[in-house]
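My structure is below; once you've seen it, I'll send some questions.
Letters A, B, C and D mark the chains as written, and numbering starts fresh at 1 in each.
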Amino acid sequence: MAWEARDPAFERLIRESFARQKVMALIGAVLGRVEPGRVTVELPFRDDLTQQHGFFHAGVVGTVADSAGGYAGYSLMPPGSSVMSVEYKINLLAPADGERLVATGQVVRAGRTLTVCDLEVEVMKGAERTLCARGMQTLIRLDRGPRGAAAG
Amino acid sequence: MAWEARDPAFERLIRESFARQKVMALIGAVLGRVEPGRVTVELPFRDDLTQQHGFFHAGVVGTVADSAGGYAGYSLMPPGSSVMSVEYKINLLAPADGERLVATGQVVRAGRTLTVCDLEVEVMKGAERTLCARGMQTLIRLDRGPRGAAAG
Amino acid sequence: MAWEARDPAFERLIRESFARQKVMALIGAVLGRVEPGRVTVELPFRDDLTQQHGFFHAGVVGTVADSAGGYAGYSLMPPGSSVMSVEYKINLLAPADGERLVATGQVVRAGRTLTVCDLEVEVMKGAERTLCARGMQTLIRLDRGPRGAAAG
Amino acid sequence: MAWEARDPAFERLIRESFARQKVMALIGAVLGRVEPGRVTVELPFRDDLTQQHGFFHAGVVGTVADSAGGYAGYSLMPPGSSVMSVEYKINLLAPADGERLVATGQVVRAGRTLTVCDLEVEVMKGAERTLCARGMQTLIRLDRGPRGAAAG
């Protein structure tokens, strides 16, 4: 699907908003590509992001997926919007065993109020790229409050 | 629903497994009550767990919910089991604005292979207790590998 | 949870709307209890509602659950509203093997725009009552169009 | 994704199983394309499949999506298998307003026990084709009982 942004400043706004999400700094997530309707969030492996087998924890996988989807939706909203997750659902398809997660949010419906995204998380291990999670997310557009753009 | 544990050591195993989930230490989550079919995980507020409005990030809410559900399911499994999340879905009902999250996983179906849990997250602000998220989770039981009990 | 209806005519409106959902007549579903924030839909067994094992088809289980939830949400909306399903998720917990399904929708969050419901489907077989499905649903409130109240 | 069937008789088995799902005859659904990992189910409009606005009911949309996904998963299973829906989640993206629904199930993970499918429903209105629902589904493989192949 090809989408067009309605706010030409979308990329800058997203990068600023992401920088304000302190949990992203805590886990070491970085914003990847930011395109209209499609955003990636990357997360290098760290030992303190794991469950008891030493793989990325399912909650961490969900966190970067939710974040990628939130910003994908936000990229298409008109100026003055903020965005909140209404719900997300994620299927864990394979162990998140590797050096890096790449989460992609892709808008499949951009409505006036509600936006729906596909979520995908791949794990990179050496030259291998494995789809380790797939999900869906519903977002709601709100008028921006005094504290600036919102996602998540 | 009242469930009976099949492994009398369930509480000790859960506390040991939780201690090996390093991401729980990273975010500061602690295991609360551990009962057959019902487990709570608590998370005190920290500034580095927030999204851009200063509330707990939706991904963090999902992480503690997934963890509580995983251990609730694990509490009913026979000795020698490990557990993995197959999928979870979470609805964010209210801003997670407060001093502490309390996530509860409650088993609604305990099958030989698959377990289904209700997930609930409350946020405590002063004397107020608000349901901020509600979800469902599907877990799969596996035979325990060499690395010990699994959840998440 | 105890909810209060904002439209005193809610029960009549729901019964009228249900009567206009032709698919309910096709499958033989009937509206059960209609209370503020809680509605049940019942479905007697018929051979033509089955999958290949002779049990109620999973899609039929989802249909009555979605309908019960839609009307539960609608019961709390202000006059002049209509309601649409945004999404629903359902876990099939046990074979829907019996003489009658009872689907219950229960509101857990009633917002200005979005409502979230718990969904539950029980199957009755003789004196036995088995929880055969459990789900969650997100609804959106719309201003009523010219064709009257909406659910589903 | 390109998948390979492990049972060369998959198409015949699916067509036979579909023919035994009496609810498909009730609503008038027909099996479309049957490929390894990908199955479509089509449903012509009928007045008795509608909600109160005269569009296809959300439950009917979910029913054909669940059916398409169940058979997509079944197409990849080894001989002697049967399949059951564990859970499905569906987002309604646009009113299902048209002459025909085309539901597609596409396998994204085919495991020994669990299979995960993407679900998509399009509605055809004249020359227009609109994505009206998108979902995800988890299936479980069972050893076939005495009553033959299972899906749904």
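Convention: a residue touches a chain if its C-beta (ideal position, glycine included) is under 8 Å from a C-beta of that chain, and two chains touch if they have at least 3 such contacts.
Source: prediction; values computed, not measured.
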| item | value |
| --- | --- |
| Required minimum of steps from chain A to chain C, each step between chains that touch | 1 |
| Chain copies touching (chain A, chain B) - same or different residues, decided at half shared | same |
| Distance-maximising chain from chain D - centres being C-alpha averages | B |
| Of B-C and C-D, pair with higher C-beta contact tally | C-D |
| Length of the line joining the C-alpha centres of chain B and chain C, rounded to whole Å | 29 |
| Approximate Å spacing (C-alpha centroids) for the pair chain C, chain D | 22 |
| Residue list for chain A, restricted to those that touch at least two other chains | 86-87, 89, 91, 116, 136, 138 |
| Chain D to chain C touching residues, read off their complex | 17, 20-23, 25-27, 47-53, 57-60, 62-64, 66-67, 70, 84-92, 145, 147-152 |
| Touching residues (chain side chain B, partner chain D) in the complex | 86-87, 89, 113-114, 116, 136, 138, 140 |
| Interface residues, chain D side, partner chain A - complex | 89, 91, 93-94, 108-109, 116, 118, 131, 134-136, 138 |
